[in-house]
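Okay, here's the structure, questions in a sec.
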Amino acid sequence: MEIKAITEQKSLLAQLSPGKRTRLRRLLFEFGPGSGTLLFLPIDQGIEHGPRDFFPNPASKDPEYQFRFAAEAGYSAIACEIGLASKYYPDYAGQVPLILKLNGKTDVPPANAPISPCNASVEDAVRLGADAVGYTSYVGSPRQEEDFVQLRGVRQDCDRFGMPLIIWAYPRGEAIDKRGGRDSFYAVDYGARIAMEMGADVVKLNMPKFSDKDKDSPAPYNEMDVSQEEAIRHCVESAGRALVVLSGGSKVDDEQLLAQTRMILEAGGSGVIYGRNVWQREWNAGLEIVEQIKEIMLSSVRRMP
Amino acid sequence: MEIKAITEQKSLLAQLSPGKRTRLRRLLFEFGPGSGTLLFLPIDQGIEHGPRDFFPNPASKDPEYQFRFAAEAGYSAIACEIGLASKYYPDYAGQVPLILKLNGKTDVPPANAPISPCNASVEDAVRLGADAVGYTSYVGSPRQEEDFVQLRGVRQDCDRFGMPLIIWAYPRGEAIDKRGGRDSFYAVDYGARIAMEMGADVVKLNMPKFSDKDKDSPAPYNEMDVSQEEAIRHCVESAGRALVVLSGGSKVDDEQLLAQTRMILEAGGSGVIYGRNVWQREWNAGLEIVEQIKEIMLSSVRRMP
Amino acid sequence: MEIKAITEQKSLLAQLSPGKRTRLRRLLFEFGPGSGTLLFLPIDQGIEHGPRDFFPNPASKDPEYQFRFAAEAGYSAIACEIGLASKYYPDYAGQVPLILKLNGKTDVPPANAPISPCNASVEDAVRLGADAVGYTSYVGSPRQEEDFVQLRGVRQDCDRFGMPLIIWAYPRGEAIDKRGGRDSFYAVDYGARIAMEMGADVVKLNMPKFSDKDKDSPAPYNEMDVSQEEAIRHCVESAGRALVVLSGGSKVDDEQLLAQTRMILEAGGSGVIYGRNVWQREWNAGLEIVEQIKEIMLSSVRRMP
Amino acid sequence: MEIKAITEQKSLLAQLSPGKRTRLRRLLFEFGPGSGTLLFLPIDQGIEHGPRDFFPNPASKDPEYQFRFAAEAGYSAIACEIGLASKYYPDYAGQVPLILKLNGKTDVPPANAPISPCNASVEDAVRLGADAVGYTSYVGSPRQEEDFVQLRGVRQDCDRFGMPLIIWAYPRGEAIDKRGGRDSFYAVDYGARIAMEMGADVVKLNMPKFSDKDKDSPAPYNEMDVSQEEAIRHCVESAGRALVVLSGGSKVDDEQLLAQTRMILEAGGSGVIYGRNVWQREWNAGLEIVEQIKEIMLSSVRRMP
Amino acid sequence: MEIKAITEQKSLLAQLSPGKRTRLRRLLFEFGPGSGTLLFLPIDQGIEHGPRDFFPNPASKDPEYQFRFAAEAGYSAIACEIGLASKYYPDYAGQVPLILKLNGKTDVPPANAPISPCNASVEDAVRLGADAVGYTSYVGSPRQEEDFVQLRGVRQDCDRFGMPLIIWAYPRGEAIDKRGGRDSFYAVDYGARIAMEMGADVVKLNMPKFSDKDKDSPAPYNEMDVSQEEAIRHCVESAGRALVVLSGGSKVDDEQLLAQTRMILEAGGSGVIYGRNVWQREWNAGLEIVEQIKEIMLSSVRRMP
């Protein structure tokens, strides 16, 4: 594992207020793989997709499952919304850090102009002992004005309470579709920068992907020829001093999952956020894959916060 | 009557704040059938449908009728909106608990993008001595963003005042209609999870039903072959540590009503909410059927809160 | 004049807070015909229709006319909006009670989705020494959600200040038109219930009327065969413990006006609100007809508040 | 100059709070022509039309021009928006009263549903030492609900601070166009009444005009045969105890300007608001015409406030 | 360098509050070229356009680049949004003044009715030690009402905290396109006046340009025949006592850049805001061109603040 000089380590967190630094260091160094990496377990699928994501592993329908798993497997934090945080987190308080996801929406209404409304506040997060809050921003949505205004309130409360702000930067909406789509390098890169500009301490991105639609992206993206790892590195740079975690999305096979994890860390990402890829497995299989993920992470880290 | 171990009983209410636990236990153990069950009398039809629901039993037009009935028949609580709570509840204060329903709407304007606006606050409920508040969430409505924001305020006030939150989880809107409809297993199951994720302590659902339109539901619902009782059990599980009550809807015959009550309790539901099925009857007939319902409930309870 | 037992009298006002009872009793017993009846003079036509209503009696264009008339003729109260209340009421303070009408709109823009915006607050009413506030709710309008939210604020302020709330319940909008129209028995009856459910202490209704369009009303209204007096009685019952006053609308002949007054009181209404029918007359003619109206009211009262 | 009895003089201002009376008397008696008249200089054209209005007299582009002119020529007050009031008024503080115009808009976007958003508050006016605030209400606009709500806030702050409220009552929007148009007698008369009903202390109207479209106005306006002076007198009556000032609009010739001034005052108007008609002239020509206007005003006054 | 008399210098800042004057003088005299000029470095392209603007000079993707450059090259201030200000400005605190840009938007959604939502507050700027705030107003946009209301809040906070307000006055929207376009003399001139009327202390404009579409501008713009320098002078006059800075837009060649700088200053502009024109160059080339710009500015200044 490559270790950066202490001065370099200092740079990314140096500007953070004491409250933010205290909480973020807990995620980076005291829980999860440690050494400045982040391994998050998201359990917001019940809002975003409904219970259907739980059928492949019926035991996973009980939120208790994910909380116990996050604690036992040694995650950096578990990310969930207010209902789960209120009714399931108390039993695990202190055993695994909590990221209170502040907004969310169902996938039922049309998604051409999405916005994710807040169902909880930073103050709720403080009250519950959370170490960070999460906010989903639909970058490029026709309703981005409302989104930015809502996000401003969250960001200001984070500054007030010293609470780290993690932005789920999700390019969305008709105009994004016309410029290469939500997962295009252009869109993900723009999302990374926007999140940092809006005050994120950590940015959560989906993996940039390549397709024929990339030719519709603005220059120079429409003519760039880069590997996925290079694209990730660009996105990490666009996020500047904000840390970047990438997500796995729907379930992939083990080899791909581990290879992707290594690539993310080597491209400068600070970690991964793996949900269905892990908890749609049987309990012990889940523990095993997490163990492998953590080893890969620690051996591939390229950027210390 | 099956009695669960004290430790199991503790689990569902254990995470609640003292205020919520005090009030909710009143409904579960001190009033109504007791033993951790819930039997609610709703009298919000005057808003939702207008006076037309009262013509089958003209005496029922006077709200006094339902209040006296709820007290005499021994309900766990009566649920109504601010006008009735202000002008009729005072005479029954302490004799039957009050659930102040905070929002409501007429059925006059088009229902393609419904939202139910709040006409009262949690503070109103505290002032009136209510033991819970009720909130109708139109899950999946195109206006769900506004709904979630409004619900956030209610939920936060409930946390502040220690007031139990009962969410009427009603899937609605065009997009729900295209996915199997408001009473489909898919929709009711999603609604149950959303209510819990948003912070409900009790979830009120309509009975899941099966129809040809189920094939339009997302996988795996479009191909599942389950009984109604199994479907209810799934919904109860989706609501997690939130308790579930199911409603009867329009008037059905006695046998069906009792059979349904038994099925609900055996599937893990914590109770029922019966309005027109009861107060559209003559007074004594109403008292009799409630007596039978309570017996069935106590003999069928499968899940202690 | 039929006098009810003291216990019956007590029932309708019994649940009101001291402030509401103090003020409402002033209207019911100290001013106007007395004996628990209500005779209101509305002077909000300048907003709702513009000055054109004043041309039949040019003297009536000066608001001074209606204020002096209400005081001299002995009305229970005069109802007007903030401008008149600020500039004309002070000279009559203590001589005739004031109902501050809190919202209003012109009849200029299209009326398919009406809402009546508040131009004054309950606190304004307190400051001006008013004994009640008036609020127009367009029941069934596509914008009823905004209406209910606005009304909630007014109702809560009324509770806070002990100020009686009079709701002008006006069914309106496209959906009402398709169900029999704004003056149909169905619509007026629904309006009466909604007003009570929303917390009205007094409900102002327009006279229910019958037409061919009644067959478009929901059951059982589409097939009911009742007299106008029976319809009014139903509406009074739907308003429960809220008192009901009915309005005369545009000018009718004397006999009809008096007959209608008698019918309203005998059907359980608590009073009438007569504007143009009175102040579009010459001064002395106005005083004379009011004298007759008051006699009829006192001789026909059927329901003591 | 006709002088009214002291009792009559008292009537119009008698109901005003001490703060309003103090400030309004300054405009009526201490500055301008005096004797209870009002001569206002508006310099809001830079917002409403852009700099193009200043080209006929290039010197007028510098706001200093209008401020110095208002002070030297002896106006009752100068009316402008926050930017000019902040940067140019301080040099003339105490030399000419300030009316802070609180809202304004460009003429660029389509005007079918206008609303004029507030860019300053009554508190700004207090801070700047203004003696009145101005508010433009687009009477009859499809967005009048928002307008009334915004105006309510302004009116309440005026009551709180004792600040006179001048409403620019401008009938506007598609529905007004269909009823005779913005300058029709019907529209101006309705506007006058609305302004008074909403709490104006002074109403600013445009001159009512006659056209073929008057036949589209509601009865009795569609068939009335009145002179312009009679029409103005009607509008003054509709404004009740609120004072009325009329504007000149775009530049007309001297004779017409003076004749119009005389007519306005003789019809009961309290004054005029002349902008481009004056400051589009060369400096000395401006001073001269103002002198003539003031003479005419003082010799024609018919109604003392 | 032409030096104006002290009295003239005093005029433009004389009406400013002590807080505004303190901060603005820092930009005008203590940093940058000095002598009352303004040279701003904007780094908001990451929000407005995304990372694509950084590819011509990859080093510029790291915000550290622009901050260090602004400090080393000796700018009057650097303008950026909250994320950069929070994470990068602290290292340069006191070395180069900060303009906190309060609003911004991506260029992804359609721009026919733009509004730029605030992602930070004036209080954020105070907390960060900024010497001014920036606000983008899309003059003429169909959503200008919302814009003006938002701007009012910013302007009032600036007055409260003594914070200079810089308005980016950008004519935009369909109606502007129909009147000659966003860069037409008409549009830029209107924008300059609006910014001043809304309370700007400094106005940022784009260069007015001429095209065939000018004939669609309102009179007299549609027939005016002026040079670009004269047009700028008009715009500077329209901004009155607000100072004017002009921007360079996309990268142009050196000669043009310097000529344009001279023209702006000679036309009365107080300075320039050059972003991509400078930081898309290699480091030393950037420093050199800034040196030349500053010399030109100091030798061409025509108007002292």
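Read from first to last, the chains carry the letters A, B, C, D and E; within each, the first residue is number 1.
Rule of thumb we're sticking to: a contact is a pair of C-beta atoms (placed from the backbone, for glycine too) under 8 Å apart; a residue touches a chain by one contact, two chains touch by 3 or more.
This one's a predicted model, so the numbers in the text were calculated from it and none came from an experiment.
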Just to be sure I understand the contacts, which chains border both chain D and chain A? E
Copies chain E and chain D - interface residue numbers shared by over half, same or different: different
I'd like the angle of the rotation relating chain C and chain E after CA superposition, in degrees, nearest 5. 145
Once you find the CA centre of chain A and the CA centre of chain B, what distance in Å lies between them? 36
Cα centroid separation, chain B vs chain D, in Å, comes to 58
Two or more other chains in contact with one residue: find those residues in chain C. none
In what order do you meet the chains if you trace the ring from chain B in the direction of chain C? B, C, D, E, A
Mind listing the chain B positions that touch chain C in their complex? 46-47, 50-52, 55, 61-63, 81-84, 86-88, 90-91, 104-106, 108-110, 115-121, 124, 127
Write out the stretch or stretches of chain D touching chain C in their complex. 15, 139-142, 144-146, 148-149, 151-152, 155-156, 159, 171, 173, 175-176, 179, 186, 189-190, 192-194, 196-200, 218-221, 234, 237-238, 240-242
